[in-house]
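Per-chain numbering from 1; labels A, B, C and D assigned in written order.
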Amino acid sequence: MTIAIIYGGNRANGNVETLTKLATEGLAVEEVYLKDYLIEPILDKRHAEEGFPEVNDDYNSIIDRILPHDILIFSTPIYWYSMTGIMKNFVDRWSQTLRDPNYPDFKTMMASKKAYVIAVGGDEPYVKGLPMIQQFQHIFDFIGTSFEGYIIGEGNRPGDISHDLKALAAAEHLRKELQ
Amino acid sequence: MTIAIIYGGNRANGNVETLTKLATEGLAVEEVYLKDYLIEPILDKRHAEEGFPEVNDDYNSIIDRILPHDILIFSTPIYWYSMTGIMKNFVDRWSQTLRDPNYPDFKTMMASKKAYVIAVGGDEPYVKGLPMIQQFQHIFDFIGTSFEGYIIGEGNRPGDISHDLKALAAAEHLRKELQ
Amino acid sequence: MTIAIIYGGNRANGNVETLTKLATEGLAVEEVYLKDYLIEPILDKRHAEEGFPEVNDDYNSIIDRILPHDILIFSTPIYWYSMTGIMKNFVDRWSQTLRDPNYPDFKTMMASKKAYVIAVGGDEPYVKGLPMIQQFQHIFDFIGTSFEGYIIGEGNRPGDISHDLKALAAAEHLRKELQ
Amino acid sequence: MTIAIIYGGNRANGNVETLTKLATEGLAVEEVYLKDYLIEPILDKRHAEEGFPEVNDDYNSIIDRILPHDILIFSTPIYWYSMTGIMKNFVDRWSQTLRDPNYPDFKTMMASKKAYVIAVGGDEPYVKGLPMIQQFQHIFDFIGTSFEGYIIGEGNRPGDISHDLKALAAAEHLRKELQ
């Protein structure tokens, strides 16, 4: 069982990164920081005769890095009660990969994976972050990935997460589960 | 009462655009197609000493166009059970504008507005689109905008929306409300 | 296609009853007013050796009345952001019927039906009523019933529903769908 | 800080009771088992001239027992993706107490309390139980109680909860918080 982490935040050493690193301490992980890449928004060509154009960005290289792994961890700060825009653009592009002849097994491969979500927000994330969790469930249901669990943490200023003992305990617990 | 529409889709004449135009037919509207602009993802510098950097993109020009209006309509296809990534990047950037000395009244102005959401999705949007509606409520609650209503429509292929009589009726109804 | 309506409210001629009658005007309907019956809360004996006891109340007679119909309409005022307690007790008892040898085909029969929900609430029901809609979706998914649609209306004092033009239009639309 | 626990289940020593007792081990608690009392469904007389009738059941005695406490724990099995019908009937009756001249300070007293929810369900409760959590948030927002946290556990057959290590850890954590 190998693990890829998809980071959606753009602040180095942010709260959710801290929490995610705690949950995966000592484990071999492939880390993808979306902020370091160019990911174009999807051009919806699902119904266009010409199909999707090739896009000259880093998206496919990220797909190539995560596909070999058994477990995907989506690690995102909660911006405006949902995943970050860059992570959303990344997910939106799956619609293209689902139709990309270069990735004929994309759905099958995604359907064999397990997924976790780790998210940290500043405004009552334990309740106001729940619609985002429901969306991830719908996303994983569609693509076939098994949604194994999530951790929500509370934090706003850098370092805040160290005060959310409940989230820290959940991260410790997840680490044992991942071993 | 004047109206600005913020379009989050990227397909010309898509289902949600059709539905939105029906809901605003005959009304003077300012139309903003986010797909035609460059909107950088937010760099979260809320807690950085140096503050947010100026960003050389089209975001502020869009803010300038919508701020004079009393009513904002967020019109988005439902991608992966939420607003599109480009619309999400647009909303994410509000965190910067809230701290931008060039927009000292941003929150006050947003708090004086009314908002509607129009969204069309292909996979049981009447239920699976509800977390997105809840997120918009949280977004509007935070910024102070009054969430006046929403229309969800069902459609996948171009033109599908013409078969969703319930959504069409709701659009007709909204048009009367907006007059 | 025949229709049974399950009313969860206890006020005669309440707002949701008015809205439901509008949606079914001119159609033959079997009306079940739960308030007129004794429905005991479920005793959870799913895992007891002796199984569920027979309950001496009106529950089974209601099941007998709704099972012959193709369409079930759950019509409930929104009390505290959910269906009424009496309607919840009615649904809770399905766990018993699912194991009742006198109803060996209960799940199969429920799975052949279509369901609608009509609900009226006083405190921002269009948003705060959405968790209830999500619960009905989970309920129908479990029992196999197809969730065909819902109407949410706003109203508090008797007669208020007549001012919710959007709900009235949706009821008119549903009536055409049911014909 | 004193604690009252409101149990919504009807099975002795059920999974949620086990989890709740773990979370409150060693603490003085007032335990209310709703199943042991008669609680009539509310008769909605909010808008009737004559007002609410006196109800000859155990509801007020339960209110009298919980009102003196600072912390309320709502402990319920998840039946059909929500609190049990008997707990819902109990909450529904608050609408009456809010207008009961014998309880002029009901809302003020409730608004000074902190609340927790502990719930155990058998069908993907970590996701399908979230609408119930959102409803509790709306309930507490309305009455003014501060929603301090919740634990969701997974279990179906008696004793199952002992396998949900995540829930057990959360219960341990809550106990420290309550001390």
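Just so we're on the same page, a residue touches a chain if its C-beta (ideal position, glycine included) is under 8 Å from a C-beta of that chain, and two chains touch if they have at least 3 such contacts.
Keep in mind it's a predicted model, so treat the numbers as computed, not measured.
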Distance-maximising chain from chain C - centres being C-alpha averages: A
Relative orientation of copies chain B and chain C, as a Cα rotation angle in degrees, nearest 5: 180
Centre-to-centre distance between chain D and chain B (centres being mean Cα positions), rounded to whole Å: 38
Between chain D and chain C, distance of the C-alpha-averaged centres to the nearest whole Å: 24
Touching two or more other chains - residues of chain D: 130, 134
Touching pairs among all chains present in the structure: A-B, A-D, B-C, C-D
Contact footprint of chain A on chain D as seen in their complex: 126-127, 130, 133-134, 137, 147, 149-150, 165-166, 169-170, 173
In the complex with chain B, residue positions of chain A that touch it: 9-11, 14, 35, 41-44, 47, 77, 79-86, 88-92, 94-95, 123, 128, 130-132, 134-135, 138-139, 142, 157-158
